[in-house]
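Some structures to go through are shown next.
Shared between the two complexes below is subunit A, which pairs with subunit B and subunit C, respectively.
Moving on, here comes the complex of A and B:
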């Protein structure tokens, strides 16, 4: 058995273990036996049924697919832009979603459960459309990333302007949403994210050789028959849709797309299929554990998930910088 | 001899300036053709136009035709072209830690459908190509850890996996020392496939190319065997330097030696002071 296969098998086990742990943690103490009984057969009572099927299962499943999606989006963006620091957030997706959510909060103060994710999704797509239009004019990768950062700052500025003059309660709601949380997720969210994730995986599997060809440069890929600009725009659009869907339901969860592919490259490989499979498995497990920490670290409150991912992400990058300095 | 490529009155302009002007030549199967000329003569542009890799923008225009196996090159799809032409760049910079195997495997792309996975035949083909370039032992080595010569051999292995009929190389020995220059060109000349390459070093071109094309300011000024193209008169005229040709070894082609005129040497020395 070759090394990547052994590592992938181990990661599948990690996902299963993480999911079981995700179902076990929570204010209501349940034994493993009760959880297994409830998931596989019948729940012991109505409360257990409600806690497992309406709270913990949706939460674990959404954490799983959101982690997978964010990590895959980061992996694909890094390979298609040949930039290890490329991340869905660099392309203005979260700023766009934030602007959409802000406008929804101000215009529609009720019916927010549907309007907020929808507006966030549209805002994210609006942001990525501007970045893609600029990219089409510039046609250069370094400028595409800079355009993403510029669009991101511009949309964040508009959001802050609206919030500054807006109603304080709406401002609070938007700020809390931007910090990211899985506390309000439902099974329907899981189905929508899974749908986009499956479509993305099918497209990536079909085009993995073409994405790999980009790793040796645009000219090299073009000589192998790859339409470089079309492929890059398609992948950018795909990552935008995937991230926008996740951000719409879960809010801003940073660093997953940046950090996870970096780990996968060290242990599995750099080519697209290996990177995407590894990122999906590690990203899914990672977000389940982050969510466990978010809801169990404090006894009387839940920490927004985006705060934990950002804190872990920054520590991780400092560690990588120190390690690379020592090995130089 | 089977005719493989026909270039007919090819002109390529950027901002109204002729980069290539009315170039016409044919290429037969199995020939090793070297394109020589001073900087800015249009060597790389010719390579790009031949394989339809030139960038068309508002400021560029072209005239004339290139035929591959009797069919106009612009009628081929990008994938079909990649099945006919394999490119080896001067230097490739792999991002992340791509291995030798990862890069050689890229050569399968033009022959694979969207969801196809590598089968045993593909793996055998990659190993055969790596074996041919002498890198069978290094398939799991990181590309960026290899020497310049070894990296060039990996790119040639990728071209072999691509199963292209024509190998296109742009200054393949530019970043290499003398040992690797000869190693790479010897390997290329013994592959048995049609090769078109731009070469700066005229002695290497003389030694390893069966035929040479000499370009000057976008125009083809000579086309023939090395002994026909590498003449003192032609080279002095194109490179604007006094030139001496010697024929020490008939199998290796003529040797070229340039020297600066005495007054220019003095001027350069004075400027350096």
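Moving on, here comes the complex of A and C:
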């Protein structure tokens, strides 16, 4: 049995274990037997039924697909731009979503449950459209990242300006929305994210050899018959749609897209298919565990999920960097 | 005969059920989760404190409120805990609680009532609403009337007084004040304190000290919280050019009572108006002396 297959099997096991753990932890103490009964047969009472099926199951499932989606988007962007720092958020997606969320908070504050994800999604797409237009005008796709950073700052400035003149509580809501949370998710969110994720995976699988060719350099890829700019734009659009959908429902969850692909490269491989499968499996498990910490660490409150991903992610990232230097 | 016995039995059973239902209604008052410190305080005011089974962080008044289980803060609620508590009503703060969590709770079938007091009259209105809802109508009515009557008395007492120019320091770093649309502005309106920044577009504007220097501030109001020391306030002693600083006219009212939208803030209004009046008298006396010396 070859090594990647063993690793992937272990990661699938990790996902299953993480999902079971995700159902077991929470502020309401439930025994393993109660959870097992409730998931497979009938719940002991209405409270257990509500907690398991309306709170924990949607959270675990959305954490799984959101973690997968963010990690895959990061992996694809890093491979297509050949930039190890590429991250879906560097293209202004979160700033755009933040601007959308701000406008929704101020203008449609009574219909936030529908308006907020929609506005955040449109804001994220708006950001990515500007980035792509600028890169097109410059005729240099390698400047996509720089354009993304500039657009990100510009949209953040507009958001802050609007918030400054807005109602003070709206400011708080937007700032903390941007820190990310899975507490608001429901099953319909899971279906939407899964739909976009599946489409992305189909496209990536179909084009994985062409994306691999990009790793050799633009000229080499072009000589192999790859339309470099078109492929890069397609992948960027795909990652943008995937990230925007996740951000719309879960808020800003940083570092997953940047960190997970680097871990996968160390333990599975660098080519697109291996990277994408590994990123999906590790990203999904990672976010389930992060959400477990978010809802269980403090007895009286939840921690925004983005704080934990950034804290854990940065430490783990540095650890991997030091370890790889020592083994080199 | 048998029919009579059966009829009697049915009637007895029916009357028992009726009386037991009646007892349930009168004894078991609805339980409430109150999701902000001001709602908790309001419920204690109308005598419904014991019906609160869950609350949010910082609900620290009255003392008994500290022992109520906390189910979240103004950013995030622990939905599982709310489900486990099974409250009859959730009273939430419209602008100060996470709307997404509340939407989710509503979908799960919980009854959510919103509180959003923007002025003293709203406090009375909400007291009446909560009283009606959770079975304390009489005390709520009494408290609401008392609040509105006291407010009228204070308004009448100060309405013809000479305005005093004040600077309201909401926060020191960055220096932030209040304008129209903010909660503390109504205190200044009632006490006849003139706020030079009242017309600024945003309710809590940040201001440059240069702007403050341009207006002849006669009194500085620097509310401090229980956990806040003098050092966390703006250091006005660096600016003796401001008349209020030169004349040592700086007030430090209780921020916790003033900024919490409950009947307690009316007490703070009384204190503030009376303290502003002391400055007003001081200014009048000094002006008279200045005129006399000329």
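As a convention for this text, the second predicted complex is superposed on the first by the 314 of 328 C-alpha atoms of A that agree within 3 Å, B and C clash if a C-alpha of one lies under 4 Å from a C-alpha of the other, contacts with A are read in each partner's own complex, and residues count from 1 in each chain.
Operating definition for what follows: a residue touches a chain if its C-beta (ideal position, glycine included) is under 8 Å from a C-beta of that chain, and two chains touch if they have at least 3 such contacts.
The structure displayed is predicted, hence computed values, not measured ones.
Aligning the two structures on subunit A places subunit B and subunit C side by side, free of any clash. Contacts of A:125 after superposition on the shared chain: neither subunit B nor subunit C is touched. By the document's definition of touching, of the two partners only subunit C reaches A:165; subunit B does not. Of the two partner chains, subunit C is the only one that A:28 touches; subunit B does not reach it.
Of the two partner chains, neither subunit B nor subunit C is touched by A:238.
When the two complexes are overlaid on their common chain A, residue A:217 makes contact with subunit B while staying clear of subunit C. In the superposition on chain A, contact is made by A:173 with subunit C only, not with subunit B. Subunit B and subunit C, viewed from the C-alpha centre of subunit A in the overlaid structures, lie at an angle of 150 degrees when rounded to the nearest 10.
In the overlay built on the shared chain, the residue A:270 is in contact with subunit B alone; subunit C does not reach it.
Between subunit B and subunit C the least C-alpha distance in the superposed model amounts to 41 Å. No residue of subunit A touches both subunit B in one complex and subunit C in the other.
Contact residues of subunit A toward subunit B in the complex are 79, 82-84, 205-207, 209-210, 212-213, 215-217, 219-220, 222-227, 265, 269-271. Interface of subunit A with subunit C (complex): residues 26-28, 47, 50-51, 54-56, 109, 112-113, 116, 164-170, 172-173, 176, 181, 183-184, 186, 295, 300-302, 304.
Touching subunit A in their complex are the following residues of subunit B: 51, 53, 77-83, 85-87, 89, 92-98, 102-103, 105-110, 112, 114-115, 162. Partner subunit A is touched in their complex by these residues of subunit C: 57, 70-81, 83-84, 86, 95-96, 98-101, 103-104, 107-108, 201-204.
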